[in-house]
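In what follows, structures are represented as C-alpha cells.
The two complexes that follow have subunit A in common; it is paired with subunit B in the first and with subunit C in the second.
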Partner chain A sequence: MSNLILEGKKGSRHLLMGNEAIARGALEAGVCVAAGYPGTPSSEIIETLSDASKERKLYVEWSVNEKVAMEVAAAASFAGLRSMCVMKQNGVNVASDFLLHLAYSGTRGGMVLVPCDDPEALSSANEGESRHFAKLVEIPLLEPGDFQEAKDMVKWAFELSEEIKSLVMLRSVTRLSHASGSVVFDELPEQDTTAHFSHSGAFIDPVEGPMTTLPVTWRHTQLQEKLQQAVSKFEESPFNTYTGPQTPELLIITSSACHLYSKEAIDLIGVKDRVGLLKLGTTWPLPPKLMQQYLIRADKILIVEEVISFLEDNVKILAAELASKIGIKTFFGKKNGAIPTAGELNPDLVVTAIAKILGINYEAMPQAYGNRAKALADLGAPGRDLTFCPGCPHRASFWTIHNVLQMDNREGFVCGDIGCYSLAMLPCGFGTLKTLHSMGSGAGLASGFGKLKMFGMDQPVVATVGDSTFFHAVLPAFINAVHNKSGFILIILDNSGTAMTGFQPHPGLQVDAKGDEAPHIDIVSVCEAIGAKVSVCDPFDIQHTQQTLFELLEDKEGVKVLVLKQICALSPEKKAKKMYEVEIDETVCLGENCGCNRMCTRVFKCPGLIWDKEKGVSTIDEVICAGCGVCASICPAGAINKKEVA
Partner chain B sequence: MEKSELSYDPYNVIITGVGGQGNVLASRVLGNMLTEKGLQVTIGETFGASQRGGSVMSHLRISAASSWSPQIPKGKAHMVVALEPIEAIRVLMNYGSPVAKALCNTRPIHPVGVISGEVSYPTPDELKQWVKELTEKAWFVNATDAAMQMGNPIFGNIMMIGALAGIGELPMEREDFEMVISRSMPSDKVKANLSAYDMGVKMIRQ
Partner chain C sequence: MQQVFGPKELLEDVFQNDLCIGCGACVELCPYFKNYQGKTAQLFPCDLSQGRCYAYCPKVEVNLDELSNHFWGRPYDGSPLGNYRKVLASRAGKKIKETSYQAGGTVSAIIIYAFKKGLIEVAALTDREGLNPVARLVTSPDEVIKCSTSKFMASPTLSVINTGMREGYTRIGVVGTPCQLTAVAQMRLNPLEKQDFVDPVALAVGLFCNWALDTRQLMSLLSEKLDISAIQSMDIPPPPANMMVLKTDSGKVEIPLSEIKPLIPHTCFICPDMTSEWSDVSVGMFEGRPGWNTLLIRSQKGAELVEKACKDGFLETEEMPQENLNHLSRAAAAKKERALRTLIRRELINTDKRNQRCAVRIPPEVVQKILR
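Presenting the complex of A and B:
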C-alpha cells in the first residue's frame, strides 16, 4: 500500500476524489492545522489529511462539533499558522455564531473554511446552502469548477486569506467532493513554521494586538475594505474563464459542478458557436469589471446554479448597476423557471433550459427505446427501499422500541436524530421515529414534549440519539431536560463510532483522528454525573432490552437514559465476521400457516432473510446474512437456529 | 489497445449494484487502471445514507482529451456493468440506448419489498431476455457464486472488473490492475484479488 496523496511527485497526474484534491491542495499550501466534524460529503478531506499527519508536521482533529472545529482552526491562524476547517453544509449553521465574529476579528495565518454542500440532499436531511453565509458574514467565496481547480484553488485561497487577513470560504458540492477526476500535482513545501500568538500590541493592531470583534463598527469597516481588496484580486483571477464565440446568442454564467454540466450540455446539443460559457470561480463578491466585459457580449443570459438563487441575484444586481454600459438584458434562470429551485442539476436539465431558449429539439434516447425500457423497469426492477444493513444493531433496537411502545398503548412516540438511525422514520425501522430535524434536535424536542403533562399530554416520550451525536449536540438539550425536570427516555444507540460517515472517532472512543490512543469520555458516567438514571443493554438481547424499556416506561418521572450498546456491523473490527451461523429449520417453519404470518420476512425484513415462495418457508441468504442472530429471537415457532461461530 | 482506440470519446461506463457490493471500489480500480493508460477519467458517485440497501451507481467518463461531467447524460451509457441483475434494467431505463452494452452478474439481491412480499422479483430467464432486448450485446456471469467458491462474496466486484477486461472494449491490462490493487490494498489481499480478476477474465473468454 502507498499514500499517493503524499508520494505523488510534482507534475504527475492522478485520479483523485474532489475531497482528496482539496486535501492535497491544503498540503501543497503548507497547511499546519485542520479540524472538522464528519459529515457527507465532506469527511474524506479530514480523513486524507489525518493519514498525511502520520508523516508530515500537521495537526488534524475530529472536533466534537463544527463550531469547535472552526475555533480550533482559528486559534492556529491567530498563532500565524495556515489552518483549515471542514464541514458539510449543516456544519456552517452550527459554526455560524463564531463565523460571524471571526469575520470581524480577522485572521493572521491563512485560514480557509471548506463547506461541502449537498444539493438534492443525497446524504442529508436538508439541501441548505453555505454560499449565502459568505455574503451574510462578508467573506470571499471561491467555488472550484473541476477537480484540478479543487486542488489549485485551495492554495490560492490560503494566499488570499493571508493577504487580506480574512477567513476565505471555498465551497464544494457532493458532485465534486465525491466525484473523481484527473489532477496534476504541484510540489509539497518544506515545513518549518513555528506558532506564536502576538497579543501585546495596540488594541486595533491586526497583527500584534488582541483578536476580537471590538470596536465593532471599526472592525466591520475593516472587513468591508478587505472584501474590496478581494474583489480587485478576483478581477484578475485565473479561475474565472470564458469559452465560446466573441458575441454569443446566449451567455451562460455558472460555477462549481454546474460548470461541467453546462459544458456537457453545450456539447450535447452542438451549440458551441452560439452559446458562451462564463465559468466563475470567485462568486462573492462578483468582480464588476470582469462581469461587465462578458455581460456586454450577449442579450440573453442564462444563470446555471443549484438550489436557490445566489449567483443569479448577484449578477442581476450588478447588471442593474451596469445597465447604462451593458444595455438591457433578458435573464433566464430560477426566476423564470428555466432552472429548478430545488434538487441538483445534471447535463440534461441544462440541455432542457438551453434547448427551450434557442428553440432546439433534443431527444436523449429514441422514444420507442425509452418507452420499452420504462415498461420493463416498471415490470422487472422493483424499487429498492433504503434499509438498515444486515446485522445492524439499529434494526434490533427499533424492533424493541417500536414493539414496546405499541404494547404500552399510550401513543408513545420517538423523536429522532441524525445518523444511520434516521432511517427508522422508514418501514425498515418500523416507522418508529415521529420527528427528525437537525443534530441533537430530537433530545431538545423530547425535553419540550416532556414538559407538556400540565396540559394533559400523557404520551410517553422517547428520544433516540447516536453516540457521536450525543457529544456533538445532545448534551446541552439533555442537561436542559434534567435541570428543568422534563420527563422522557433518552436512548443512546451506541455503535462505537460515527458510523454513517465511515467510523470517524469521537470523544467517547479511545482513539483520535490520527489513530493514536486518546482519553475517552464515558457516556454512562457523563449521564450519571448529570443526574439521570442509566441502564445499559445489548440491543441484540431482545428480551432483556424489552424488559428494561418496559420498566423505564413505568417510571414516569425525570429523564431516564438507556444505552443500547452494540458495535456497527460495518465497523472494521466486525465486518465480514459472523457471530452466529444462522439457519432455518424447514420442518419447523410454518410459513404462511404460522400465526405470525411470516413475521421474519414480512415485518422484520432483514435483507439476510428470503421468503422462498415455492417451499413456503423462510431461508437465509448466505451472501447477505451478517450472523447477528437476532432473527432467531423473533421467530415464534423457534424455527430459526443460531450456532455460535468458533 | 491504445487510448486513441476508444470506440467513443468519452466512453461512458455505469457500474451499478446495491450498497455494500463494492461499487465504489470497483469504479476506482477501473478508473485508476485507465488513468495508467494515460486516459482522463471522471467518476461520479454518491455514498453515505443513500447507500444503505439502496441502488447505487458510479458513472465513469473515459476520454483521451478532457474531464467530463460526473453525471452521464440520459441515454448516453455505452457499457453498463451490473453487480446485481435488476439494477441493469433500472440503469438502462435512464441511461441506455440501442447501442448500449451490458455485463451482468446474475446473482439477485432481493429488495426489502420483495422480502416482505409486496412486490415480486423477475425470473433469471426474464431478466436475461430483457437485458438483451435493451442492449446491443450483453454478457452474463455468476460472479457472486464464483466469489463464494473463493471464500467471500465480496470478490464479486473485482471479478466483474476482470470480466469487463475480458470483453476487451477498454484498454484494461492485468499489470495495471496489479499495480493499482497493490497501491490501495495490504499485500496479503493482493493475491486473492488477482485470482478474482483472472477468474472474471476467464468467465468471459472461455
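Presenting the complex of A and C:
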C-alpha cells in the first residue's frame, strides 16, 4: 500500500482507507514532520507516513504520548516546516494543555492536528469528542465528508494554517478513517524546505519573534482575528456543498460520515425532491453568509451529527442572530430527540428521523423482519465474547492475578488501564479489573487507594499497565506513588510493543517508527531508579508468577513492581512459531466433570481449546493454538501435555 | 438425612457469614476451592446444585443425630465428651524416639504404629512452611514426627484426604481438630450416595481443641514482636499460665493470652465439640502432668489399636484419675453450652423455616439437656 501512496500519479484513481487518504493529502501538501501516539482509529495515518518516510524527506515519529507529539510537530512549524500531529479522540485530552497554549502562540509553517474520533467507542473506553476543543481553544475545524475530501482537505488545511498562522484541526471518525473509498491523486511536491527557527525579532512579531502566549490578551485577540480570517475563507470553501431542491420542506445540515448516512437515508425513502442536504466541511466557526443562504430556504431544519450536539448548538446560535433575515425555524436534532445523543448514527436512524418529521410511514427495519433475522442468527451463530487471542500472555497473567487475589482473600482488586488488557474487565480476563479509565489512570488510582490505610482500608491494591502505557502516562503516577509512600503492586504487562493498535514501537523497544535502530529505555532500570523493588516473571510460568505475587502481597510497604514479560502472541517477531506442541490425553480429561463442567473451555477459555461434543473431552484446535503451553499448567487433571518444539 | 446443597449455598452460608474455619474439606475436590494462609476461597463460581464441598463442610447442615447413629449406632445425646469407651493417661512408648513431639507424643506414636501395622497407607497431617500450617499427605512413618508440633492455627489438612482419595488410597489416617473430624465424619457418610464409594478413612485421630487462631492475624501479631523465621515451636501451657510461649533461636518469648484471644475466628464460638467426638481416638493435654496426654478411646478399632500399641512398646498408658476426668468433662460441657447459646442467638441451629439452612441440627430435647 505504501508504494501506491507514493507512486500513484496525478489524476490516478485509487481505493484508499480514509486514513491513507489523509496521509496522501499530507504528502501532497509537502508535510515535513508528523508525530502521533497510536490509537484506534487514527494509527494508520502515522504508519502510512512512516512507510513513506523511507523514500521521502519526511520525519515521522511515534511519540511517547499525544502532548509530546503535538509539541514535536509544533517545533517543526515554528521552524517553518509543514507538520502534522495525529491522535485518537482521547489523545486531544492528553495534549489539551499544550493545545490551548499553542492556539495563543500561533504557528508558522502550516500545522494540522488530526484527531480521529470513535463514536460508539468501537475501539475506545469512551466516545468523547475532539470537535469541542476547536471551539474551546478557538482554532478552525474542518471535517471531511468523504474519502476524496479526506485527502484534498488536508492540503487545504495546511494552506489555511499557513495563511492565518494558526493550528487547524481536521477531524475524522472511525467510519471515515477505517472505511475505504475512491480517491483521485494530485501530484507530490518537490521537497526543498529548510528548517530555521527565527526568534530574534520583536517580542510580538509572529514571524520573527519568540513563540509564546505572552502577552496573553494581545495574543488572544490576535487568535480571534485569525478565526475571523478563517470564516472569510470558509464562506468560499469548496467543502461546503448543497444538494436538493431550491426550497426544500426540510433542510438537513450535517458533516463528516453523517453526510454519507444522510445521503443514503434521503435516497432510501425517496425524498430527494422534498429534502435539501447542506454538507459542511468547515464546521467551526460556521460561515454566517453561507448559512444564511441555506437556512432561509426551509422552515424545518434537521441537524444530523453523532454523539453530543456541537453543530446543532452552533447553527441555532447563528439562526438566532440571523432571525430577522431568515425567519423563525423549527429545529430537529438532539434537543428534540430526533437524533440520539449517544452512540454512532447509521442510515436507518436518519431515515427514522426524516420519516417522522415529514410524516412518512416508513419503518427502517420492519419488526417482523427484525425478529426473523434475530431468530436466524440465534439459531446458527455461536455467541462470540470479546476475548484475548490464543496464546495471549494477558490471559496467563490475569489467570494468576485473579487466582492469587481470590486466594489472598482480602478483597484485593486491580486498577486497569488502556490496552488489550482492558479486556480483563470481562470474563476472558476473569473479571479481574475493577477500575478502568484513561491512559495511566490505573496507576494514579492505585496511588490514591494505597494511601487509604489510615482510614481502615486493608484491601491489597494492584495496578496493571502495559509497556507502552507505562511510558505514556504511568510514569508520573508511579513517581507520585513512590514519593508519597503509597503502597501497591504495579504490574507491568510487558508484551514488547503497542500491541492493541498494531505493534507500533515505543521507547522501551530498540526500533523507531521508521524501523531504524533506536536506543531503548529499560523499564526495569527506570523502576529501580525511581526507587521501587522490581521482580520480573514470565507470565507463562504460572507457578513462579503466582509465588512471586503472593510474596509481593505480603510485603505491605511501598510500591512494588512486577514486570510480567512475554512477547505478544501476534507479534511479528514470534513469526507464529509455536513454543510447544500441545496435546490432550482423552483418557485423562474429565470433560463435563472437570470443575463442575469443562474448566478449560468454559473458564480459562483460550480459543485454542475446543470442546469435542461427541467424545465429551477437550481438544486442541491445531490451527488456532499458539503453542504457549499455559493450558498444560492450568488443567486440574493433568490431561494436557506439552512438548517443546525443536 | 443431612440436607446437601451446592457451592452457591456454601458461599452464602459459610463464606459470607464468616463461618469458614479453613479445614480444607472442600479443597482439592474441584479446581475452585483453594486455601491460602488458613482461609479458603473460591476462585470461580460453580452452579452445581449439590456438591461434596457443601456436604463435607463442618459449618453447615451438620446433623449430629445422623452422625451418632452412623458411627455409634445410637442417637446423639449431647454428653460432654461424646461417645467413648475409656479415658487414659498416655504417652509415647519406648519404641518412639524422644524427639521433637509436643506433650506426650501420643498422636505421633499412634500414627507411626498404624503405619507400621499397615492399618494406614498414608496419613493426612499438618506440617508447616515457616509458621504457616500446611496439609501434608505423609506416606511413611519417618515423616510423622516432622508434623508433630502444635500449630494453634486453622489448617487445611483435609484437602490431602481428597487428594489421597483421588490418587486411589483406601486406607488413609487423619489427625484433626473437632471441626476437621466433623467434616471427615461427613465424608465417610457418602452424603452424595455415590455408587462406587468406599470409606477411605482407616483411622481418625482427634485433637482436643477450644479454639484456633486466625493464621494471618497471628502472623501479623507475631511479626510485630519477633522474627517469625526464628520460631522453633509454640505452646499454650495449661492454666494458670495464661500465655502463649514461643521458643525461638534466641530464647523464649511470652505473649499474654489477652492479646492472642482476639485472634480467634468467630466461627470457633459456634463449635460444640472440644474433644473431637467423631474419632477413633482423641488426644489432648494432661493438665498438671507435663509429658503426658489425655487419651479418649472411642471406637472398637481405636481400642484395639491402643492395646496393641501398648503391647508392642509404642505407647504407654495409665489410668486417668477421676478428678481429672471430671475436670475435662466440665470444660467440654461448658464449651458445648456456650456454643449452643451462640448458635441459638445467631439463629444457626435447627432452623425450620422453609428454605432456611442452618449450621447444625441437634434434636430439640438434647439442646434442652445441654442448656440444662
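Some observations on this one:
Criterion: the second predicted complex is superposed on the first by the 627 of 646 C-alpha atoms of A that agree within 3 Å, B and C clash if a C-alpha of one lies under 4 Å from a C-alpha of the other, contacts with A are read in each partner's own complex, and residues count from 1 in each chain.
The criterion applied here is as follows: contacts are C-beta pairs under 8 Å (C-beta built on N, C-alpha and C of every residue); 3 or more make two chains touch, one makes a residue touch a chain.
Just so it is clear, the model here is predicted, and its values are computed rather than measured.
Contacts of A:430 after superposition on the shared chain: subunit C is touched, whereas subunit B is not. Contact with neither subunit B nor subunit C is seen for A:11 once the two complexes are overlaid on the shared chain. Comparing subunit C and subunit B on the residues of subunit A they touch gives the larger count to B. With both structures placed on the common chain, the touch criterion links A:382 to subunit B but leaves subunit C unconnected.
By the touch criterion defined above, A:407 lies against subunit C but remains apart from subunit B after alignment on the C-alpha atoms of chain A. Applying the stated contact rule after C-alpha superposition, one finds that A:456 touches neither subunit B nor subunit C. Residue contacts after overlaying the shared chain place A:346 against subunit B, while subunit C stays out of touching range. Of the two partner chains, neither subunit B nor subunit C is touched by A:519. Of the two partner chains placed around the shared chain by superposition, subunit B is the only one that A:178 touches, whereas subunit C remains out of contact. Within subunit A, the residues touched by subunit B in the first complex and by subunit C in the second are 603. Per the touch definition, subunit A reaches subunit B in the complex via residues 1-2, 4, 13-15, 40-41, 122-123, 146-148, 174-176, 178-182, 257, 260-261, 263-265, 268, 346-348, 351, 364-366, 369-370, 372-374, 376-377, 379-389, 420, 422-423, 427-428, 500-501, 576, 598, 601-603, 605-607, 609-611, 621-624.
Of all the residues in subunit C, the ones that touch subunit A in their complex are 7, 30-32, 34-37, 39, 41-44, 46-48, 51.
The part of subunit A that touches subunit C in the complex is made up of residues 402-403, 406-409, 430, 550, 594-596, 599, 603, 636.
Note for the complex: subunit B touches subunit A at residues 18-20, 28, 31-32, 35, 40-50, 52-55, 67-71, 73-76, 86-87, 89-90, 92-93, 96-98, 107, 109-117, 119-122, 126-127, 130, 133-134, 144, 148, 152-154, 182-187.
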